[in-house]
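By written order: A, B, C and D. Residues from 1 in each chain.
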Amino acid sequence: MSSAVNLREFEALARERLSPSIYDWCAGGTADEITLRENEAAWSRIRLCPRVLVDVSACNLGTTILGRSVAMPVMIAPCGKNALLHPEGERAVARAAEAAGVIQVLSTASSFSLEEVAAAAAGPRWFQLYFFRDRAATRALVERAEAAGYAALCLTVDAPSDGLRERDTRNRLRFPAGTRLGNLGHVAGADEHISELSRFDPDPSLDWASLDWLRGITRLPLVLKGILAAEEAGLAVDRGVKGVVVSNHGGRELDTAVATCEALGRVAETVSGRAEIYVDGGIRRGTDVLKALALGARAVLVGRPCLWGLAAEGEAGVRRILELLCEELRVSMALAGCPRIGEISRRLIAPGFAGWALPQSKPAAQVAGVPNG
Amino acid sequence: MSSAVNLREFEALARERLSPSIYDWCAGGTADEITLRENEAAWSRIRLCPRVLVDVSACNLGTTILGRSVAMPVMIAPCGKNALLHPEGERAVARAAEAAGVIQVLSTASSFSLEEVAAAAAGPRWFQLYFFRDRAATRALVERAEAAGYAALCLTVDAPSDGLRERDTRNRLRFPAGTRLGNLGHVAGADEHISELSRFDPDPSLDWASLDWLRGITRLPLVLKGILAAEEAGLAVDRGVKGVVVSNHGGRELDTAVATCEALGRVAETVSGRAEIYVDGGIRRGTDVLKALALGARAVLVGRPCLWGLAAEGEAGVRRILELLCEELRVSMALAGCPRIGEISRRLIAPGFAGWALPQSKPAAQVAGVPNG
Amino acid sequence: MSSAVNLREFEALARERLSPSIYDWCAGGTADEITLRENEAAWSRIRLCPRVLVDVSACNLGTTILGRSVAMPVMIAPCGKNALLHPEGERAVARAAEAAGVIQVLSTASSFSLEEVAAAAAGPRWFQLYFFRDRAATRALVERAEAAGYAALCLTVDAPSDGLRERDTRNRLRFPAGTRLGNLGHVAGADEHISELSRFDPDPSLDWASLDWLRGITRLPLVLKGILAAEEAGLAVDRGVKGVVVSNHGGRELDTAVATCEALGRVAETVSGRAEIYVDGGIRRGTDVLKALALGARAVLVGRPCLWGLAAEGEAGVRRILELLCEELRVSMALAGCPRIGEISRRLIAPGFAGWALPQSKPAAQVAGVPNG
Amino acid sequence: MSSAVNLREFEALARERLSPSIYDWCAGGTADEITLRENEAAWSRIRLCPRVLVDVSACNLGTTILGRSVAMPVMIAPCGKNALLHPEGERAVARAAEAAGVIQVLSTASSFSLEEVAAAAAGPRWFQLYFFRDRAATRALVERAEAAGYAALCLTVDAPSDGLRERDTRNRLRFPAGTRLGNLGHVAGADEHISELSRFDPDPSLDWASLDWLRGITRLPLVLKGILAAEEAGLAVDRGVKGVVVSNHGGRELDTAVATCEALGRVAETVSGRAEIYVDGGIRRGTDVLKALALGARAVLVGRPCLWGLAAEGEAGVRRILELLCEELRVSMALAGCPRIGEISRRLIAPGFAGWALPQSKPAAQVAGVPNG
């Protein structure tokens, strides 16, 4: 087993195993990667005010997500083409999720088909949906997800266009021939750039009305992924959405989009319990999960760290990631005086550190000749 | 074609082609270059709160500027002596502007005369005016601009004195003999320092009354360039000015002048639609343009990046700069849920990030012995 | 005598003498060590507004703590296993404390027993108590502390679980066989990891009711160590607690817990004189002590610097640490215009620098291509 | 003449000429030198909002200080033992001050006596007074200053004790035998540490009553140097003080004392025209002078830059420093639209940048594993 003692250390292990361009494809963000960095940094800036003299001899991390019991308030975020990182791809992730008792959110762009993944492991699973221009294709995918026992549809709404992935442009990224998109029945040929296959592109005309159509063709609860504006979370709930993922697509779409941590609090206040709120982006520590819940999230989604675990050690690596996060959350809850998930509240956030502080300046006041100590 | 994937990467290409002192002359700012750096940094600090579930299948970047249709809300800022960067100078820029469908603002200090530039390409064009001590010379220039079809006069008001260009002082900058100032009918001799020709100096007595005189001698709409104070923008509009460029001369005049991004919002609120507001300084990304419009600008002006494009690849380089910015703006509008320019509004700015935040300290609290992680 | 001119310079001296893993064990914090760094940095950020034209020819640093006179408002914080740093361990510290006229707070996990330390030097002394699962063992320890003349019980309430000491994990830290825990009658064997001895673990079920039990078995005044939330300080006082140490365990338990400096002011306002308030964490300068008192503390506790003094030079090193701090405090009081402890007040804090400012961002807005000066 | 293009560049020239310990003695501050750095940095953080369309063809920097005309609102701050930097010491400074038309404030601890300096050059001059324990000695000094034509007494009130000059301690600083203190009739012997001569120490019992005594023995106007608290500036004026220097002794006394720039605004508001306000500390640019005046100062004092000029080039160096500052101020006034000193007002400070902003955090949120761009 690896010597990594925390989630971030897995990144270095993964980097050793991956080609630079595949590593960059996973690690990178859009444009200047400001949102990518801010997603992590914003969690780190929040200060906790722990509670003491509470019996924490038995901490219980269990909660429910859309009514289903899970071992901890953590889900695995949807990420495409996992087989590029490890031959077992999303099947390895599925087994690790089952072992940890958490929900896997499978990507439309997964290497293995949703049926293959469902066959790989039991355990609750959601399907992340890209809405295609071809509605029949969209409907077919929804029906397959229902048939395979996926418990919810998680519709991505923040990617009507590709972000400016400059690392990939500089690397002239090409996926190897044979790269699969299991759900789409597609295997890339030698000269084919998988990302150029326009018939699999998300539909840029996706709008609120499309949402009604989608709700009409499925009995699965609908979760929207990619909301940052509090008003829009409210609108979504008014239209029957059961959950909202506060997300900026891991910093891969619109650069300088607000960090999810800084958007979460307002979204939670606006939705005010009428639907479940989740958040992804930059979660690397048990204290990050604690802060997300304190700010109103029901659970977090973790993406890149699971990819690093998968690339480094396959299923065992993903298990280790989830174990580390579970243990860190357990310790954090004990030290914060919250033995049960339901006791985590806004009171844990130190006064003045609520997560939507004014933006901070880069130190441009630094003057060439001024000593900086 | 170059391998540059964004505007900033063109700077390195240009630097390779230029002598260090000409590079410094373009790149430098005044004194400690605090405003120079802040102009860029301030845009980067604003956070966006994108809108979702809007049909963005057809984004339209077109807008009007003083009633004239342009392909996108971007203009080319006036910069002098472009032939020092490329033999075709402002004529190459003119052709690139025409190709991109944007307005070129020609500098009084251009290498090629305003007639030569007008002959080089069609397309809308403004004339940037320095107000000379010699009013007859000023009037003659205005009349030539009118005759050559320039659509507006853009009077620079923030440069009654030269800034402290310490790079140039250290470099003992001399322009080569033969350096032209086309509009002034001047070609520098071997021993002549072009910047010392006092008869071309802007008039330091330029005041509000001079403005009335200027309006009296021309039918062209007047735009003031170099306003930062909201009250003065209001005064200008009261005096019949049709447009205001929020500018600090690219950080080349008064150091520690407020970043244009941080001045824009107040100016726009004060003018409140009675004139058009533009902004320059530090625009390097499509998201910067989006933010400028969200804060109330009708368009932005881009200066140095066009110079880098020109130095690196001539007309093709300027075209590439404009294409990159257009494409980035298109992607940003799609990802922000604003398929048309008119839908860009203050709502896109994340709460608490309105662009005139409190100043931030350099970390002088850093103590010699304190680890910084 | 060493050449160290201030407290921080002793750390380098100590580091030379200690094995890397023992150094790390002392120096380290939990997880990303954000709270560890913030504890120091937060004091440095507060700005003083000194008073002038006060007769400071005779500065008096004396004060009382729980009614007992001490030479200055500084105590020695409890730290375990001091014999790992110097053979004389807590006995050397006791002698230095006596010489300086300050209170030593002895740790439950001390190398030497509380009786051995009491025999080593006169002078006021408190006993830091970990509440064990075995109440009889807890009671026995309390009775021994009473019998040996300890003047107060300082109950640690912020450590119901171990923090994430990643330095120790990476170092695979093992204490040498023979490592003593004097109060527990334990000497570690060759294969035994002292930190794994579960019967000495603090009781994670410690709660407010346990506090009542503890107060019932001792006549010693009770001080709680490890409070950050102002409401809980109020609750503690309502239950008869005589003192509260605003502490986050030196950044060793819950990472991103608020810096003690930033929590102190609210705690002091809430308690409002009904009990004494102390603070530890990051005190390295006389001005830090001055600020703590200005924000409402009666005294500070100093931990790591005493360990560095002990490791570097034994008793003489701890004496030197206390002398330096005393001299710095004397100078600071003179320069601040406060010749007596009682004259130190909130008025010394510069307006706008009260110690619970909004959190500051890391400069994630720094863009790859933006020069930083 | 040197190639230095601004004040800061003179520091490097001086450093080449001076022994490291004398350089450190001049350059250093107290303790962690936080105030030393903040003094400069705080000016850099203020943002200007220049005014335009004002006739600035004739900028006039002249003003009056305590009723006397000076060429610009800049004075030379008192600094001791100038002959350690250049053989002509304060006499060279006096000649440069006369040439520039500014006031020299001579230090009690000057190398040359106040009579020698008065004989060296005409021009207005103040005498900086340390109040000695021996009142007769104090009175004698005051009478000599009156007799020699000094126009004001500038009493230092912020140094009742030495700061923690750790650079000097580390350097084991000894001044060479023969070091003179001209005003005190003292020449140091070979084994004598000049700073240890206790009879020249300022009186730590100096208080408000001493001020009354001092006013009773002289007809010279009294200026207090070293006030940061607005209330105390008010008290001083109530007691007949004619001027107040907002100062923290150049960061050499109480570390983390508030930067003078951040204290100035409140002092000026409190005094509200009843006395003149001056400021020193960190002034390095013409824009710093402009900001000081905008925040309410009548003039600034410049210390270290004059020392660097003196060390580098003697009288010519000090003249060059004053010329550079004058030229920078002239340009700044022109670019700010203020052709006369009286037109500089708070309106120049950009909204939200008034100089007493909240303190800023060092970026302790930086996490080891988080990329910083």
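The rule we apply is simple: a contact is a pair of C-beta atoms (placed from the backbone, for glycine too) under 8 Å apart; a residue touches a chain by one contact, two chains touch by 3 or more.
A quick note: this is a predicted structure, and the numbers were derived from the prediction, not measured.
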| item | value |
| --- | --- |
| Least hop count linking chain A to chain C through chains in contact | 1 |
| Same vs different contact residues, chain B with chain D, by half of numbers used | different |
| Identity of the chain that, by mean CA position, is farthest from chain A | D |
| Inter-copy rotation, chain A to chain B, in degrees (Cα atoms; steps of 5) | 90 |
| Inter-chain centre distance, chain C versus chain D - centres from mean C-alpha coordinates, in Å | 40 |
| Centroid spacing, where centroids are CA-atom means, of chain B and chain C in whole angstrom | 56 |
| Per-residue overlap in chain A, given as positions that touch at least 2 other chains | 6, 32-34, 37-38, 41, 44-45, 357-370, 372-373 |
| Partner chain B, residues of chain D touching it in the complex | 3, 5-6, 32-34, 37-38, 41-42, 44-57, 285, 287, 291, 328, 330-332, 334-337, 347, 350-353, 357-364, 366-368 |
| For the chain D and chain C complex, residues of the former touching the latter | 31-32, 34, 38, 157-164, 166, 169-170, 203-208, 210-211, 224, 226-229, 232, 248, 253-259, 262-263, 266, 356-370, 372-373 |
